[in-house]
Structure formats: C-alpha cells, structure tokens
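For reference, the structures are reproduced in the following blocks.
Below, subunit A partners subunit B and then partners subunit C, in two separate complexes.
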Partner chain A sequence: MTNPPGVISLRNVTKRYRDTTALDGVTLDIEGGKIYGLLGRNGAGKTTLMSLLSAQNFETSGDVRVFGEHPYENDGVLARVCFVRESQKYPDDFKAGHALKAASLFFPGWDAAFAAELVDELQLPLKRSIKKLSRGQLSAVGVIIGLASRAEITVFDEPYLGLDAVARQIFYDRLVSDYAEHPRTIILSSHLIDEVANLLEHVILLDAGHVIIDDDAEAIRDSAATVLGAADAVASFVEGRTVLHRETLGTLASVTIDGRLTEAERAGAAYQGLELLPVSLQQLVIRKTKKQEHTERASASPIRTGARQ
Partner chain B sequence: MLDESRPIFLQIAGRIENDIVSGTLQEEGQVPSTNEFAAFFRINPATAAKGINRLVDEGLLYKRRGIGMFVATGAKARLLDRRREEFVQQYVQPLVHEAHKLGITSDQLIEIITGSTPQAASIERRVAQ
Partner chain C sequence: MSRVVKVMQMQLINRWTFLGVPAVILVVTFLLSYAIWVIVPGDGRVYSGATQAVLWYFLVLGIQSMTMTFPFSQSMGVSRRTFYLGTLGLFAVVALAVSTIYYLLGLIERATDGWGQNAQMFALDWLVGSAGVVQVLFYFVAMVALFMIGFWFATVWKRWQTRGMLVAWIGLGVVALGLVALTTWQGRWPQVGTWFAVQTPLSVTAWTALFCAVLAAGSYLTLRRATP
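== the complex of A and B ==
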C-alpha cells in the first residue's frame, strides 16, 4: 500500500469487542498539522479509535497507519504519539512528579520548562502519590504531559474530567498558544463542545461506530440552519429538505434543516419574513447523533453535507 | 466577544476593520499577530489567519516579511466609503421597515430623526427661521 498524504490513515477499520462493534468499517484520513475535534456520544467509538492510533488496542480488521506505519509495537511511531486518556493507569508507587519524569524520558520533544510552568499554573502537587490525587489533579497530570510532550500527534481523550472552569480555561489557553508556536496534530475528544468549538479546525463526528461528519469546522458551521417563523411559511420553506429537528409553539415553528443555504434561498427566507438562525456545533452534534428514528426525511432528495460512510 | 451569528474569521476581520475605522489601529501601525489574535480570542490560529488574510487580500493590511502585519495607508478612507455604502442597507432599511410596521409615517420618521440629532435640529430651526 502506498502511503496516503497525512499523518494518520484508517482503511475500513472495524473493532469488535465480545458482542459489540465499536468501529464499523471506518475509513478516515487525518492530514495533520491541525486541531481536530473527535466528537460523538458515549459508546460512539471515540476512545476505541484513539486507542488504535496509539497501539493501546488492536483492530479486528482493516488497516491503521500512523506516519505510514502500523503503530503496534512500533517504538519509532509511538515516541511521536502522545495519548492522554481519561483513565490513565500509573504504577502504584508513583508520585505525580514521577509521571512527568517518565514522560520526559519517553518523548524526545519534551519541554521541561513548559511542564514546570503548567505544574505551577495548575497547582499540581508533584510530591503527592498519584493514588492520592483528586480527579482534577489526575487530569492535570495528563494535560501537562500532553502539552509538554510536544508530540507530533497528541491525543486528548476527555482531558478535563474533574478540572474546574478555571483549570479548563488554562488548558484551552495554553493549548492554543503552544499549538500556535509549535504546530502539530492535536486530536481532542470532548463532550464540552461549546467550550472547544472555536479551537477546532476540523471536526470528526462518530456515531455508533461510523464517521458521520469529517469536515472543516468552518464548513460545518453553515451546513445547517434553523428556520423560525409562521408555521405555514416554515413548512413550505423546508419542503424537500432533510429536517433534523422540529419544534412548534402555537402558530410559530422552528425547524432545523440539514444542508447549506444559497444566498438566493437566504434572501427568499427573509422575503417571506422567516428568520434564519445559525446552528452551533454542539446543537448540530446533538441533532445528528440522536437516535435515528427521530430524524425524519422531508423528501426523497435530501440535501446532505456530512456523507455517511 | 464572538458570537454564533457569522463565521468566526469574518468576525475577526470585522473587529480589525472597526479598529481601523475608529482609529484604534492607525495607518502604518502594527497589527497584532495571528497567534496573538488566536490566544486573545481563544480561537484556532488558522481561523485567525483566515480573517487577517482576508484583509491582506483586500489591501487593507500588508505584511512585512519577518516583522509583522501593518495597516495600509488609505485603509481608513476605503473602509469609510464601504461602510457608507452599507449604511442604507444595514441601518436605514431596517429602520424604515420597522417604522412602517409601527404605523409611523415617513414625515414622522424624519421628524424623529431630526429631533434626536442636536445639530440637525438646530440646522432645521435656522432653516425654518
């Protein structure tokens, strides 16, 4: 197989556990050098996908390539990938400082001064036993390792658990400023979508083991809209479109539709007295990943942007 | 600071334009870097770059290699021209539309506008005399 462009490539990757299929024939190319958001509900396959990239798990079928090679037992690849997982295990006798020391030995790009700044900002007690750290302090260990490793691919799997709003803001601020100075591939998995939406350049949305959106964050922004106005006018405007959500209040209707609107269509909506509201990334993810039966098709030729693979 | 109404890169471009129009950013003055904008607004640096590059493409900003980004001479005048063109569509038309909805006649509207502008009111008084 020839190496595709990009740092990560998955070809028809399936991962099955005993009786569940976590990833179902996923094909995905990650170009690299961007901040990627890996979004989806619990059980959508996010952690499985991230585990495969860092060889903490093994695909059932298909092909996984990181820097053109299979990551499993591949030290050359693994030293370039830092996976910060939500439930990271450390040796029993480890202190917080030991975890950072171990990371400094493993990652060639480790920035000790940056790590020290982060320890200070996040107030991590380095001498405390890992077992005695609070949930937030444990997350801080992961955040510090993820940022200071400067690994070419850094994967954060829900790195914020237990972190308060202040600590999360420190993480986001440091992520943006450090990424700006040291561009690399960041994959960020989060349920706090509103908090991270503006940090993302590209979004991958998983649902039940499938990739349902793989697009630039900017393009996704106007890939859906909510039409608000008199129920009759709204109904005729949305006819023939894929409806993601529908609400009514008396004679007022609010319908979220999938698909980009042209300038002419926008002008048409305004002419009919309809209001067009933007759909935030968080709203879009909610609308797209609710159980399928809630998504109705308004016609036989729906406008779609996120191709189901 | 930023909202959901428009793409983020357009909001960044709009903020810089506003600062040029208001004089906060002077012509030939230096503009913060892409990374500074990204850190300040907590947005992806690529998004900040897209907003800035839009103004570079329009000739309102220019790059000095290795030094940074600057406001072009004449940028303010060009932006003022553009804003005056947009003024009717963005401000006057919605105003007229709302006035008609409320049953305010054109004459009443003119009266309200002149009444709420001190200079205009004094000019009108002089004209009337």
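== the complex of A and C ==
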C-alpha cells in the first residue's frame, strides 16, 4: 500500500511536563513511505514525539495529524499505527506468545508466518512468562510485534536494547527486506546512529525539544564536510563558514564545517592541498547537537533538560 | 465495535485470569467448606462465607486489568474508550455468569437440605425470599462494585500516581468523617439505623448499582487522560 503524501503533520506542537518542556513548538511533516531516523540525545523529546503520534500522550498545545486526523480516541487511525515502547509494559500474566497473539488481533496487516519466522530467528521462548524474559528477549517481543504488524506507520523506539549483535543484524536485515516488499512508513529512534545510518532515508534530529535537522539522509551526508590540512590554509578556507568542530595537531588542523560545498570550492580546496572528508551521520549529530547547546548557553537562554516519561 | 470485542478477546488470551482463577476459587472454597461441615460436627445450621472469596478476587482483577493491560493496549492501537468498554463489558459477562451460578447453586443448596449437611453458603436467608432475578442482580452488582473499586483506584493511580492515591484516600477519609460528624451533630443516628433496617435486597441492589454507575463514570473520565 502506498501512503498518500504527508501521513503525519505536527503544527507548532509543544509538550510540557510539570517542570520540563519536552517539545517546544515543533512543526514537522512526515511524507511517509520511507524509513525515517528519529535521532537525538536522551531527553531530546523523541519518545514524547512518538507518544503523541499514537495518542499515548497529549500535546500541551499545537496540533497533531496522523492520516489527516487527530489520533486521540481515534480507533480508525490507531489501528494503522504501531508503537511499541522501549520500556513497553506487558500484562504480568502474559507469556511471550500471548503478546504476539494480542497483536494479531489488533493489527489488520498482521503476518503470522512472518512472526513465526522472526520468533525462530530471534530465538524467542514463546512459552516463557513475560516477567521472566531477559532484556534482549523483551526487546525481541517488541521487534516482532513491530515488524509483523505491518502497520502503515510503525514506530520503533530504540528497539535493540539488550539484543546482541547477531539479533540486531537480523532486525536490520529483516526490516529492510520486509520494507522492500511492503513499503510503509517506518520511524526508527536510535542511539546507535552508525549502525542504522545506512537504513535511513530521512533523518529528523531533535535537540532539547526542537527539530534541528529534517532532511534526506543523502542530502545530510553532503551538508557538512571536514577540511584537513595545514592549519593556516584550513583557517583561510573555512573563513566565514559555520564551524561545527575544530581540532588542531601541531601545524595540522581538521575543521568540520556546516554547509554544502560547490564543485568550485571543492576544486579550490584540492588546489590548496586540503583534504575534504565526508562527515558520518553520527559525527554530524554529535557536532550539531553540541553546537546547539553551545549557542544556547552563549545566548544565556536556559538549557532545557527534557525528561522522558 | 469489533475492536471492543477484540479487547475482550485480549483480556481472555490468558484464560486463567478471568475464567480459570475464579472457577478454581469457587470450587476450592466450596470443597473446603464442605470438608469443614463434614469434619466439624455442628448442631443446627452451619454457615460459610466463602462465596466472598471470588468477590475479593474481582477487586484484584479490577486493579490488574487496568494497571497491567491498559499500557499494553495502548501499544496495540486501542483507544482508551475501546479499552474501557471491552474490559468492563467482559467483566460484566463474567460477573453475570458467576452470579447465575451462585443463584443456581443456591437452588441446589436448598433442594439438598444444605448439601446434606444443613449448611448455608449460597442461599443466604436474607436473600432467598426475593425473586430469582433480584438474587442474580444482587450478586451481580456486588461483583461489579468490587471490580469497579479496584478499577477506579488503579485508574487514579495510573493518571496521578502517588499524589492521586493520597488525595483519593484523604478525600474519602474526610468525606466519611464529615458524614459521621454531621449525623452525630444532627442526632440522626436512629434514622440512619432505621434506614438500613428497612433496606430490602432489591433496594440494596439498586443503591449498589448507583454506586457502580458513579464509579464507572468516574473511571472513564479519569482514564480519558491517563497515559500508559
């Protein structure tokens, strides 16, 4: 099924908890039919944002639209959204298999055969009580529900906690192959940015309740570069540009700059004997969020420390 | 509507919780009571209050079906209203079934001369004079009341945590104290006594039903803004 353009739209959405602002006037359009990466530090507002999409939590002000409607008390919309939390609670009297059975009731696109394959690959003990599952097995329950539900909007909130490297790779592989066969909107929130960077088609970076990047993964990869070379040559090259990060080692300097370089500029850099290195998504996220905090501190505005709930 | 039915199915995925445990409690408490009647020689009528055991389990069930299943239902894309209707609907069916069983067991009890032991467990003296439907309704509202008490407290907990519990308990305490004080100052205790004395199974059922309705409405309004 192909989604119409704009499956999710947030307009000036603010979410305040008692003493923190988790989201601060966020306006965001998610076109859909892609794998989105929702990145940001702890407390940046990721979980809050995801909770609003499935009306598990409520915005303090602003408007949230999912498939053109507000998701609150809207079974029609909610049936098309699957959001398993990182710290998802399950009924104490459930066995692992019970949770999957429940998911098969509620998600119209549920694929039982696919779920069974995943159970097998991730070695989930279906007969074991949920309470007795290890952290990794608990994550596996969430991963299986998320994948096999084939919900039109599927949200994974740090789905890999406690999963070993093999299980994580299985998740990534299965996600990509199943997504290729059944295109849908996938939102993946992750701290392991390098691990998921290749999966992501679009990146949304949150910092202290603000969206600071919302762009194609491809475009983002070109949106910054690290210039490496003799310190004075580097200094003159980056003159007038936004510097995200600066390192010097003796007479050598390595400076990460924000902004796309033109062909001419690239040629100029090569002429001056400067090396241009691509910036990995993880690096960029670190540089951007640090810069943001730096600017905030400089402008003496209070540093928000969002709390996840 | 179909999702309401699915919530019922979800609550029944582990059949023990809503069906198995109440059945076991009922059977075991009956057998234990029966053993006591046989072992302990009694002259005249012997009583057992063991029918209450299932009712207290329903209080726990009310708490559990909220605290444990609500957060999960949220991840299943179930609206709060659907969760509420499905959970209460299922419980109503279970409570009606158990009430009917109590009534039928009461009939058997009387027909067999108290299980052959001159015992009284299901056919309460106070109740047997009433019509069958009133007896079933009485048990039904008693069960629903306990379930709703558990459910409502759990909803308050889910929405406001410790603060909510404190306010709820203190509030209840203050209201109860206020009523006692008012009755005392007005010298109305005799009237209160008379009022209780004239209650019939039907009127008690009606008052309990009213209490259930208030708790049900309160739970729904509280749940509407609760987060998992």
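Criterion: the second predicted complex is superposed on the first by the 285 of 309 C-alpha atoms of A that agree within 3 Å, B and C clash if a C-alpha of one lies under 4 Å from a C-alpha of the other, contacts with A are read in each partner's own complex, and residues count from 1 in each chain.
Here is the rule we use: a residue touches a chain if its C-beta (ideal position, glycine included) is under 8 Å from a C-beta of that chain, and two chains touch if they have at least 3 such contacts.
Owing to the predicted nature of the structure, the values given are computational and were not obtained by experimental measurement.
Enquirer: Quick one: is A:85 in contact with subunit B, with subunit C, with both, or with neither? Answer first, second, both or neither.
Expert: After superposition on chain A, A:85 lies in contact with subunit C alone.
Enquirer: Check whether A:173 is in contact with subunit B, with subunit C, with both or with neither, and answer first, second, both or neither.
Expert: In the superposition, A:173 contacts subunit B only.
Enquirer: Mind telling me which of the two, subunit B or subunit C, contacts the most residues of subunit A?
Expert: After superposition, C is the partner touching more of subunit A.
Enquirer: Looking at the overlay, does A:35 come into contact with subunit B only (first), subunit C only (second), both, or neither?
Expert: Once the two structures are laid over each other on A, A:35 reaches subunit B alone.
Enquirer: Of the two partner chains, subunit B (first) and subunit C (second), which one does A:201 touch, if any: first, second, both, or neither?
Expert: First partner only, subunit B.
Enquirer: If you stack the two complexes on chain A, which partner ends up touching A:221: first (subunit B), second (subunit C), both, or neither?
Expert: A:221 sits against subunit B, while subunit C stays out of touch.
Enquirer: Can you list the subunit C residues touching subunit A in their complex?
Expert: Listed in rising order, the residues are 3, 6, 9-10, 13-14, 16-17, 64, 68-69, 71-72, 74-82, 224-225, 227-228.
Enquirer: Can you tell me which positions in subunit A touch subunit B when the two form their complex?
Expert: Touching subunit B from subunit A are residues 34-35, 172-173, 176-177, 179-181, 183, 198-201, 217-218, 221-222, 278, 280.
Enquirer: Which residues of subunit B touch subunit A once you look at their complex with the stated criterion?
Expert: 2, 4-9, 34-35, 38-39, 41-47, 50
Enquirer: What residues of subunit A sit close enough to touch subunit C in their complex?
Expert: 51, 54-58, 72-75, 78-85, 88-95, 98-99, 101-103, 105-107, 145, 151, 309
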